[in-house]
Amino acid sequence: MSDMTEIVKRISGVNPRKCMKCGKCSAACPAYDEMDYHPHQFVDMVENGRLEELMDSKGIYMCLSCFACLERCPRSVEPAKLIEAVRLAVVRQQDKNHLKPEQIPGLLDAELPQQAITSAFRKYRK
Amino acid sequence: MQKIGVFVCWCGSNIAATVDVQAVSDALAKEPGVVFSTNYQYMCSQAGQDMIQDTIKEYGLTGVVVCSCSPRMHEATFRKTCEKAGLNPYMVEIANIREQCSWIHKDKETGTEKAIILGRAAIAKVHLNAPLTAGQSPVTKRALVIGGGIAGIQTALDIAEAGFPVDIVETKPTIGGKMTQIDKTFPTLDCAACILTPKMVDAAQNENINILSYSEVESVKGFVGNFTVTIRRKARYVDETKCTGCGLCTEKCPQKKVPNEFNLGLDNRRAIYIPFAQAVPKVATIDPNYCTMLKTGKCGVCSKVCTAGAIDYKQQDELIEREYGAIVAATGFNPISMDKFDEFAYSQSPDVVTSLEFERLMNAAGPTGGTLLRPSDGTHPHTLVFVQCVGSRCDGGEKGKPYCSKICCMYTAKHAMLTREKYPDTDVYVFYIDVRTPGKNFDEFYRRAVEEYGVHYIKGMVGKVVPENGKLKVQASDLLGGQQLHIDADMVVLAAAIEPDKSARPLATMLTASMDTNDFFTEAHPKLRPVESPTAGVFLSGACQGPKDIPDTVAQAGAAAAKVIGLLSKDQLTCNPCVANSNELMCNGCSACEKVCPYGAITYIDKDFRGPNRTTLRRRVAQVNPAVCQGCGACTVACPSGAMDLKGFSNAQIMAEVDAICK
Amino acid sequence: MQELIKAKAVELLENGVCDRVLGWKAGEFFYDVTPAVFRSREEIEKDFVFGPFCGANMSKYLIAESRKEGKIAAFLKPCDTYSFQQLQKEHRIRRENVYAVGVQCEGMCDIDAMKAAGIKGILGADGDGGTLTVHTLYGDKSVERKTVLAERCKCCKSKKLLGCDEIIGGQGEELESNRFAQVEKLEAMTPDERFAFWRGELSRCIRCNACRNVCPACSCEKCVFDNPASGVENKAAANSFEENLFHVIRAFHVAGRCTDCGECSRVCPQHIPLHLLNRKFIKDINELYGDYQAGADMDTRPPLVNFQTDDPEPSVVHERGSEQ
Amino acid sequence: MQVNQEFKPTIVAFCCNWCSYAGADLSGTNRLQYPANVKIIRIPCSCRLNPMFILRAFQRGADGVILCGCHPGDCHYTTGNYYARRRMTLLFSMLDFLGIERERTRVEWVSAAEGAKFAATMNEFVETVTKLGENKRLEDLRCKS
C-alpha cells in the first residue's frame, strides 16, 4: 500500500508532512458534514499510509473541489489536490480486473459485441 | 632569507602513530631557509613552548613553523609563545598534520608523506610572511540607541547608569513604543503603563540620556568606535524648549477628524496632539498632513491659545551630526496587515479586531474608557472568538510569515482571561493550533484561563467569518471533538503575526548589518553572540532581532547595554592586522573593491603622484581603513590590477603554498 | 561624413570648446588608420580621416588625455561610446575634460575581406553609405559595404551613441545581433573538439600584447602581467603557464567590464579570435545573471561585483554541459 | 577513459577558515577517511580565492581543484561566498569552453558541522579526478610542438 501512497503524493504534488494540523481546511470546508473523513484527516491518512481506508471511503466523492481548503491552508499543503489524487487513484487502479469472470455469462447478450466484454475484462490490466 | 625553525609535534600518539615525526622533521630540515628542525611529544605543553622560545633566541629565528593540530586549536597559543620570545606573532605558521593528516589516514607512509608536503607548504608561506602589527583606533565614548521602545529605553538606561552618554532616536513624538499601547502584561497582569512610564521618566531625567524624539537616522558613516551619524529632527512645528505640555492647544484645535494612531484609528485626535497623557517628552506636535494652518495658511488657533509661544509654523527639518562609539538597533515590531486574511472579515466588519486593537478597547485610556464595547454599535459583546496564529507559521511567500510570533499564545490567554474576569456573562472561545507557553509561570497562566476562568480552548482553526445580521458567523473546526463548529460571535479577535518595523531594512543597509529573509537583524552568532550584529560596534536589542515578549526584550536590552559598556570602557580598540591593503601605485581607482566590501572599509582619495618629466599626476586611489576591514579578501579578487592584497594571506603567500603542494 | 567631422573638429578648436581633438589620422597604409591628437586647423586638414578603416576605439586614449590640462574633443563611434561610459563608470575618464562628439557608424571594413572579395591592387577606399568606392591600380570599383565588413561589424550590437555632448550622423538603435552564434557553435562541440580548436588558435599567440594594449578595459595602471609580485608576470618562458593562460586571465579580468568592442581581435597579428573568450563571458553572464551590457549605463552594478542570493551554483556548468 | 590504478592525482582544496576548514577538521576529529592526495590550503573566505590560484595550481601539476566555503547565506563575512559563487561559475564555464574537463574543478559548500560531507565530497572528487587521469590540457593549451 505504501506504493499507492507514493503514487498519490506524486499525482497530487502534495507533501503531507508540511501539514501542521491546524484544521483550517476542515474549518473552511462547506461539505464537512457530508464526509466521513475530513480534509485534515485526508492529509493525515496519506501521511500515515492509511490509504486503503481512504480509497474505500465514500467521503472523497463528497468533496466539491471548491478549493477552499487549498486557498486557506497556511502551509500550502493543498488538501483538495490530495483528495483529487485519491479519487484518481481509485479510478486508475492498475493490475485489477473490474469485471469478474463469473459475471461474464450473465452479461452475455446477442446485442453486445463480445469485443466489449473482452476489453472491459482486460481494462487496466496492464 | 628567513631563518626558520620547524617544530613537529607528536601530540602523544595522535600524530606520531600515523606520521613518522622523525622523518618529517628530518625531511623539513633540508628545506631552504630551515635552520632548525625537531620533534617533540607535546609542543603545546610548557616544555614544548619553552623549547620554541629557547630556539628562537638561540638561532635568531625569523620564522616558525609548527606541524601540529589545527590552527583553529593552537595558532593563538604558538603566536603568543613566539611573541614572548621577541618574534612577531604573525611570523608563525601552523601545518595541520593532525585533523587533516594523521587522523584521516591509517597508512604511516602515506601520512608521513602528506605531513612533509603540508610542512613544506607552511615553510613556503613563512618565507613570504611579514611582521604584522595590530593597529589601534580610538573609541568615542557615546552610544546611539535607535528606537525608543522598552528595548531602547532599557538599553539606554543601563548604558547611562554605567556613566556613558546615550542618545535615543525615536521616530514617533514620544518614546515608549508598543508597550504604551498595551493594557495589562502577562503573566502577572500588572498594568503596562504603570511599569513603563516610570522608566520613561527615568530616561528623560537621566543626565546621560538625551532623547531625540520625532527624529530619524539619515545616514551612518564610520566604523566601530568611530561612527558619524546624521539624524533628521523632523519639524514638529512646536518649540520643544518652550512647550509646557499643558495640552490646551490639543483641546482647541478645530481639526478634530484625525485618526488617532495611538488608539490604532479607533477614535480621533486633533491636528495638534500629544500622543497620550504620559508622553515623554510631553510636548505637542502638529501633524502637517491635517493642520489647516500648514496646509492653507489660515487658522492659527493653537498659536493664539499657546501662552508659552511655543508654536512655530515656520519650523524646518533639522539635520544634526553626532559621533558615537557604538550603535544599538532597537527598532521593534508591528502587527502585520490583515489584508491577505479576509476570510476573517477584518475589512468587512469593525467587530473583527486585531489583538493590539483589543488592547486599546480594554484599556482605561482607550477609545471606550476601558469598557469592552463592540466598535460597530457600542453594545456589550457576549460571545468572543479569538483566533491564534493569524499570519504566523505560514508557508512563507504571500500568505504570511513562516515563523512563530511567540507572544500571541500568552496575550490571547491574557485577553480571554481578562474578558471573562470583567464580564462573566461572556462566552470566550480560543481557536489554537498549538498553545506555546515556555516561560516562567506561563503555562500556569494558560491553565488558569482554562480551569479557573472557563475559557473554551478549541484545537482547530477558524475557516471563515461572515458578518450577518449584526453577528459574526464563525465557521471553525474542532479537531479533537471531530466536528465543524458554527458560532454566532459578537466579536472576533485576530492574533496577528508580528513583523519587524519597516524602518529596519534601510537602517540595516546604513549600518551594513545583515538581515534574514524576514527582515529581522541577524545576530553575530545565534547562540553565543545573540545581541551583537556581525558588524562590529552594532548591537541588537528587542524584537528587531526576533519576536520577543517584554521580559525577554528587557533581558536582551540589558545584555546589549553590557556589550556597549564593554566597548565604550576601552580607550583604544585593537584591530585585526590581517587586513587588505591597496598598493596605490597600481590602483586604478575603479571602485570594484569598494562595491564588494561588506564593511564599507574602502574609501577613495585623489592623490598626486610623480609622473615622468617632473610632472604630477593626480589619481583616484583606494584606501583601506584597517580598523574596519575584517580581512575577508573579497576586494583582492575584485581588483583587476592586483593592487589590492591581503596581509597574512597575500597572493604570493597562497601561491607559494600552491606551488609547494603541487611540486 | 569625413568633411562634416573635420569641419566640426576645426570648429570646436577655433571656438575654444577644446584645445585638442582626438581623431583618426592617415597611417602608413590607407587601411592602417591610427588614433591621433590634433592641435590645429592645419593638422586636421592635412591628416584627419574618417572612413571605412577607422576601427580604432578612441575611448582608451581619453584616460590619459582627460587628465591633462585643458579640454579634449573626441570623436566616438557607437562602440567607442560604450567603452567611454564604462571607463567613466570606473572613474578612469574625467568627463569634465572631454567634449564627446558621437559619430554614427555604418560598420568598419576589413582589408582582408576586400582582398578575399577578389579586388586586386587596392589603393584606398571611401564612401559613407552602403556602397564603397575602392580605388585600385586598375581604376575605381564599387563594392557593397556589407560584403567587406569586419567580422565584429557584421554582428554589430548597437548603433546607439551614448553620453555624447553632440552627435553627427544621427542617433542609432540597439540592434538584434547574432553575435553569440560562434560561441554557440563552439559550445555545441565536444570538449575534445573545443580543446583542439583553442589549441590551434592560442598556439599561434606570439605574446605581442597588442590585444592587451588596445583593450579599453585593460587600462590598469600596472598590468598584472607586468608586475613581478603578481606571480604571473611576463618573463622569459621558463614554463609555458604565463602564455598558456594569459588569455584566460585577461578575459577574466575584463569579464563584466568588456563592452565587446572587438578591438582585441582586430589588432591581433595572428588573427586569433580573442573576442570569443570575452563573448563567452558575456553570454554566460546574460544567461545566468540577466542581461548586462557593460557601458550601457552609468549606475548598474557590474555582474562580478554583484550577486543574487539565488544565483545558480557553479555546478550549473556541469549540468549545462551534460545537457549538450 | 582508461582507469589508471597507479595514478594518484594531486588535489588542492581551498577551504574558508570559518566553515569548511573547520568542517575538514571535524572530519579528522571523527576519523573519517579521505585520500591523502587532498591537500588543504586555508583562506579566510571563499571570496579570497583568486581564479589565478586555480590556474596556478593546474599549471604546477594539480589534477583537480576544489573550493569549499560556507553555505550561501552563512558566510562569516555575510556576502563573500556569493561573489565567489559568481566568479567560480564563470571561470569553470570558461575552462569548459576551452575544452578542459569540467570535472576537474568544483565548488562545494561545507559547514563547520559537516565533517562527514567534507570527507564524502573529497572521496568522490578524488575518484572523479582519478578516472579522468592526469591533467594535461592546461599545461598543453599552447601547442609545444
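Letters A, B, C and D mark the chains as written, and numbering starts fresh at 1 in each.
Operating definition for what follows: a residue touches a chain if its C-beta (ideal position, glycine included) is under 8 Å from a C-beta of that chain, and two chains touch if they have at least 3 such contacts.
All figures in this text were calculated on a predicted structure; none of them were measured in a lab.
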Chain closest to the middle [Cα centroid of all protein chains]: B
Subunit A and subunit B, separation of their C-alpha mean positions in angstrom: 50
Subunit C and subunit D, separation of their C-alpha mean positions in angstrom: 35
Chain centre separation (subunit A, subunit C; CA means) in Å: 65
Contacts with 2+ other chains: residues of subunit B: 596, 638, 651, 655
Multi-chain contact residues (two or more partners), subunit C: 224, 230-231, 304-306
Contacting chain pairs - touch in the sense defined above: A-B, B-C, B-D, C-D
Interfacial residue positions of subunit B with respect to subunit C in the complex: 585-592, 595-596, 604, 617-620, 638, 640-643, 651-652, 655
Sites on subunit A touched by subunit B in the complex: 18, 20-29, 32-33, 38, 40, 68, 72-76
Complex interface listing, subunit C residues touching subunit D: 183, 186-187, 191-200, 202-203, 205, 224, 230-232, 239-241, 243-245, 248-249, 251-252, 255, 277, 280-281, 284-285, 288-289, 303-309, 311-318, 320-321
Residues of subunit C defined as touching subunit B within the complex: 67, 90-92, 217, 219-224, 227, 229-231, 253-254, 257, 301-302, 304-306
Touch list for subunit B against partner subunit A, complex: 343, 389, 393-395, 397, 399-400, 433-434, 459-464, 475-479, 484
